[in-house]
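Okay, got some structures for you below.
Shared between the two complexes below is chain A, which has chain B as its partner in the first and chain C in the second.
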Partner chain A sequence: MLAPSLAIIAFVVVFPLVYSFYLSFTSYTLLRPIPAWNNFANYQRLLQDPIFGQAFLNTLLFMFVTVNAAFLMGLFLSQALARTIRGQSLLRTLLMVPMMFAPVMVGFQFRWFFNDQVGLVNNVLTSLGLLNGSIPWLVDRWLAMFSIGVATVWMNTPVVAIILLAGTLSISPELYEAADVDGANSWQKFRMITYPLLGPFITIALTILSLDVARGYDIVSIMTGGGPAHRTELLWTYVPRVAIQESKFGLGAAMSFVTVIVTVAFTLYLFRQLLKSRIL
Partner chain B sequence: MRRSPRRRLSSALLDVLVWLILIVMLVPAFWLVFTSVRNPVEVNAKPPVWIPRELTLEGFMPLFGRATQMTGAIPFDRYFLNSTIVALVSTAIAVALGTMAGYVFARYRFRGKNALFLAIMLSRAVPGIALSLPLFLLFARISQAGPLKLIDTQLGLIIVYVTVNVPFTIWLMDGFFREIPPELSEAAQLDGCTEWQTFTLINLPLALPGLAASAIFAFLAAWNEFQIASVLTRTVNSKTAPVGLFDFTGQFTIDWRGMAAMSTVMMIPAIAFVLIVQRNLVRGLTFGAVK
Partner chain C sequence: MFRHKSLVLLIAAGIVLAACAAPPAPAPQAPQQPAAEPTQAAPAPAQPAGDEPAVAGVDRRFDGVTLRAAFIGGGQYEKMYESIKDWEAATGAKVEIVYKGDGFEIDKKLKTDFAAGTGDYDVVWNHTSFFSQYIPFLEPLEKYFTQEELKDFSQAILKSATRDGHLWLIPRHADISVVHYRTDLYNNEQYKAEFKAKYGYDLAPPETWKQFFDHAEFFTGKEPGLFGTNFAGKEEALSGRFYEILVANGGKMLDENFKPAFNSEAGVKTAQFFRELYARKLVPADMTSLLWDGVANNFCQGNIAVHNEWFGWYSYFQDPKSCKVAGKFDLIRQPVGEAGIRSGWAGAHAFSIPASSKNKEAAAALIKFLTSEKIMYEEAKLGFLPVRDTVWARIIADAAKSDNPLDKKRLEIAQIAIANDFFAPPLIAEWIPLTNILTPKLQAIMLGDIDAKQGLDEAAAEVEKMLAEAGYYNK
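Let's turn to the complex of A and B:
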């Protein structure tokens, strides 16, 4: 009963990965279609490539900031929604709206919002009298990273909020009553009861979150495509540029392999945490 | 319990803050739907027109085979059909495979079980950029060699989406099967059920909510996937709706209204999903953790 799942994963994930690992040691390009072994030449070029280094650092920074931002936003929303609040069930449904968006749609929508000529953000700032001229949201390096980050956080916050909300609601109300008797304030109750008991839920939320952020190719490639002039290059935009548009299959394979190792190591760490709370 | 006035005030302020955050979060969704029914003059108007002054369905015309000034007709029916077939078939297969595997992980002990579980989950962590190139080369070679065509076909996409969705389904179903007391299975086997009967007659019906949740996750992932589809598809034979959205981008301009119209239509199945599975979704995601 396990075999079909393993077979298809082997065919579509493991085998291509092994193949791409092999390619990463060859000089395979569209012009030289017979892969010739060239040892570590691709890995050497990759280490000397300043744009790859930049993309690598950008990616780490981007993941660190967006995962944390989406997590904190989700945590705040879940705690705010777990209290009795007017219109609670409506609020919860509304919270899920960003989940209905295809990532491609998120990319296009935010690309338009942040457009410096016709975009909503500049337009609103101008009509409020806060802005004279236009802010080059998707042109300046840091502003562009910020804009992509906003889109990514927007799309990923709801899942975190929903999981943490479920976790918070599963905590026995008696604990809070006991804390009330002892005169604890809301911060103490959060710090001493909610947060520790949310542990496994936080791990699940972080795992799903980092998987989704690490697969966030669609948003970046649509909003800036890594440009202008490599300013917002992330591994997700740079690797396909080298591998597919420039058809340097060998070099691209080497780059994608570095990416796989980083992502898998990160996920492995999170899953270890998850398995601890699950299988034991 | 009575609350002090100060507490009540801060609680009311928090309510307002939460509502504000959610309203801001909803702007993109409203804007998308509004843009799709706007008069073209309003789309990029300065200052922005929030609520459309007049409604028009012109933006939806290119989807139904009518060219407009901005865009030619879009073979939307083909894209939509491809998306529907690919998403439905891959979901059915992924859920079937993932459910069986999840059952094995939940019920049986065997050597290397945790390591295998971990390996399967990690296969989901492999980013699409690392897969799309070797998959493309592999599929191209298979298509050249034999009768099996995997480039620019629905079959190629289905195979990929099944694989993408199997690990997550295993994770969810493992959690759901663990919730079912094993005593039920033991009793069934005492009464003479085979292992397969125990699975299909006893466990499967009890895990139906999990099946629904996984199905919808798998469907949405396939329905919205873009990256691999953009590499493996070429023509209307297999292009799915997310890839088709690019028909609205010209070299220098983008038909934002047409794109908003198509996005709005693409969201309908997703909205149905959220309304149907709200409950199962939360339960499904968190089952494994609390057990």
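Let's turn to the complex of A and C:
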């Protein structure tokens, strides 16, 4: 059974990877799809491309903020849910509502929320008398990144909450009873029992979350398209812009590989953390 | 208890967010791309046409054939596709529309699929601005269409669809830029007096781009939510509008040797025009995210005083059920730029057959049906400018009988504009990639992220590099 599995993996994973790696050393464009070897020209060019650098930094910053925000909110929700006795299953189901939306739909929803003329947010602020005029949520660099971040956190928080809830419910109640006997308060029980024992679950949740956010194309593409003027450009909006819109497929492939290397390194780091937390 | 309440509140907030998440009222899409053609495209009123059936009799040659199509979708474009069932009934063939999107989405899809060899289509939407990119993957059409079949089409448009001696497109409809303005604002006596006092000349539809700017400035904020103007602010749409005014100001996009020329003095002035409109908040702040449907929707909702638009939106704007400006707007030819030029960006929507199609005869038959006089006439009634002389004659005759004088006037303006103001983007494969370099720089200039000269210089350097790599300077 090993040979067919290897063949399938080679076909669906290895071949595309190898072929696109080869293309990253060529001047292949969609308008002239004939690969001509150009050594490291694409890699040299991307290193000199200020937009690529900006997209790289934007991606790191975006990941750092949204992953942490989704993690903290998911952790809070999981602890609140774990302590809910009545209606927990209903609340769990409701919590999963954002997970049922396709990322494209989430993008459309939040693009409307943050629309500066007819959007929900500006209308609510105006109705409350907090705003006179309109806030260009999706135009200003930081406001646009914030808006995309809100959409991303809204969509990803339930995943974290569900994983951490499963972890929390798997902790033996005897540990908490013993802590009660010792007079521990809620914070002490959380800090000394819950959080350490959630370690593997946190790592799993963070791994899934980080990879999901790092690949996040749909929401950004729908809400801002990486613009205006590259202000919200992330790696995964910039790569298709270069590869498809500008037709520079070879350069786009090189950008993808640099991005993949960084992502793989980050994933390896997270898995090491996972192993460590399991050993502990 | 507190925890429970907090949790319930949080989740309730989430549900409210989800419930509020009903998508905004979809702005009807219309002409995604400019269209049309130069000079003689001026529709010569031809013979009065009869009601020729689009499907002449029953032709079962294609019984059992299934055609796969990629078409432009949305709003006014959909009407045509409703007629496909008639062709299917007459021929026994089936048409499967496997992809629909706006013009820019189709462009990305086709480029990728053609290059990868996965474009399993028989008929595709195409455009005079886009087709040069796909020529290696298209089937020349002259062998499927006789001279007799083509003689009713605008010969100028057919010429612009011809490269290297081959015909690559069969046009569907055309369009050209035209200024739309709100008559309720321009005819307001109080506004007229205020305008005269402020600017020293009479308020009348803009004859020059300078006046256009003054009008945008004057009308902004005159009524709640009213902006002076708006432009499509992303993709090729922004570069095209820039190009249009650049030409009016005496500039060029590329010189005779294909070197970028848009960073000239005229280019800087043109870019500065957009910058000033944005910086002074005479356009909506989210203009940089708008495409054709967005700007048209803004005008339709009465939020814009005057703007550049396509003829194809006409029936949408005149529908009081969907538009607040119905019956309250008029059209005028493009304003004159600093070089004394009126420039109307133009092009044509069309159909092509990919070279990889296995059903080329059937595909050609479908295109003949979709571009027949009957179907084109139905589209022309929506507002699109037809590309057949006979259809022009019919809509002119219809307009002459209309109670609304604008029905006739718009066609007269279109004829004059096509004959005099027409200009098309350079017919090079790199046009769309060029705009994908230029547009983000124009956005940056508008937003004040970069100086106009520096932004255009940087874009010019990138464009020159791209064209050099494509071999333009080796010839």
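By our rule, the second predicted complex is superposed on the first by the 259 of 280 C-alpha atoms of A that agree within 3 Å, B and C clash if a C-alpha of one lies under 4 Å from a C-alpha of the other, contacts with A are read in each partner's own complex, and residues count from 1 in each chain.
Just so it is clear, a contact is a pair of C-beta atoms (placed from the backbone, for glycine too) under 8 Å apart; a residue touches a chain by one contact, two chains touch by 3 or more.
As the structure is a computational prediction, the values presented were derived from the model and not from experiment.
In the model built by aligning both structures on chain A, chain B clashes with chain C.
Residue contacts after overlaying the shared chain place A:T224 against chain C, while chain B stays out of touching range. In the superposition on chain A, A:L47 contacts neither chain B nor chain C. Once the two complexes are laid over each other on the shared chain, residue contacts for A:F249 go to chain B and to chain C alike. Within the superposed three-chain arrangement, the count of touched residues of chain A is higher for B, of the candidates chain B and chain C. By the touch criterion defined above, A:G167 reaches chain B but does not reach chain C.
Of the two partner chains placed by superposition, A:M192 touches none, neither chain B nor chain C.
Once the two complexes are laid over each other on the shared chain, residue contacts for A:L81 go to chain B and to chain C alike. Of the two partner chains placed by the overlay, chain B and chain C both lie in contact with A:L120.
Contact with chain C, but none with chain B, is seen for A:P136 once the two complexes are overlaid on the shared chain. After overlaying the two complexes on the shared chain, residue contacts for A:L91 are found with chain B and with chain C alike. Only one of the stretches 44-52, 116-124 or 368-376 belonging to chain C has C-alpha atoms clashing with chain B in the superposition, and it is 116-124. Shared interface residues of chain A (contacting chain B in one complex, chain C in the other): 77, 80-81, 83, 91, 94-95, 97-98, 101, 105, 108-109, 112-113, 118, 120, 154, 244, 249. Only residues 1, 11, 14-15, 17-19, 21-22, 25-26, 28-29, 31-32, 44, 46-48, 97-98, 100-101, 103-104, 114, 117-118, 120-138, 159-160, 162-163, 166-167, 170, 199, 223-224, 226-227, 231, 242, 245, 254, 256, 259, 263, 266-267, 270-271, 273-275, 278, 281-283, 285-286, 288-291 of chain B touch chain A when the two sit together in their complex. On chain C, the positions that touch chain A within their shared complex are 3-4, 6-8, 10-11, 14-15, 17-18, 20-21, 23-24, 108, 111-112, 114-116, 133, 225, 233-234, 284-286, 288-289, 303, 429-430, 432-433, 436-437, 440-441, 443-444, 446-447, 449, 466, 469-470.
Interface residues of chain A, counted against chain B in their complex, comprise 1-2, 4-6, 8-9, 11-17, 19-20, 23, 77, 80-81, 83, 85-87, 91-106, 108-110, 112-113, 118, 120, 123-124, 126-127, 154, 157, 162-163, 165-167, 170, 180, 200-201, 203-204, 208, 211, 214-215, 217-218, 221, 235-236, 239-240, 243-244, 249, 252-253, 256-257, 259-260, 263-264, 266-268, 271, 274-275, 277-279. Contact residues on chain A toward chain C in their complex (touch as defined above): 27, 29-33, 77, 80-81, 83-84, 91, 94-95, 97-98, 101, 105, 108-109, 112-113, 115-118, 120, 134, 136, 138-139, 154, 224-225, 227-231, 241, 244-249.
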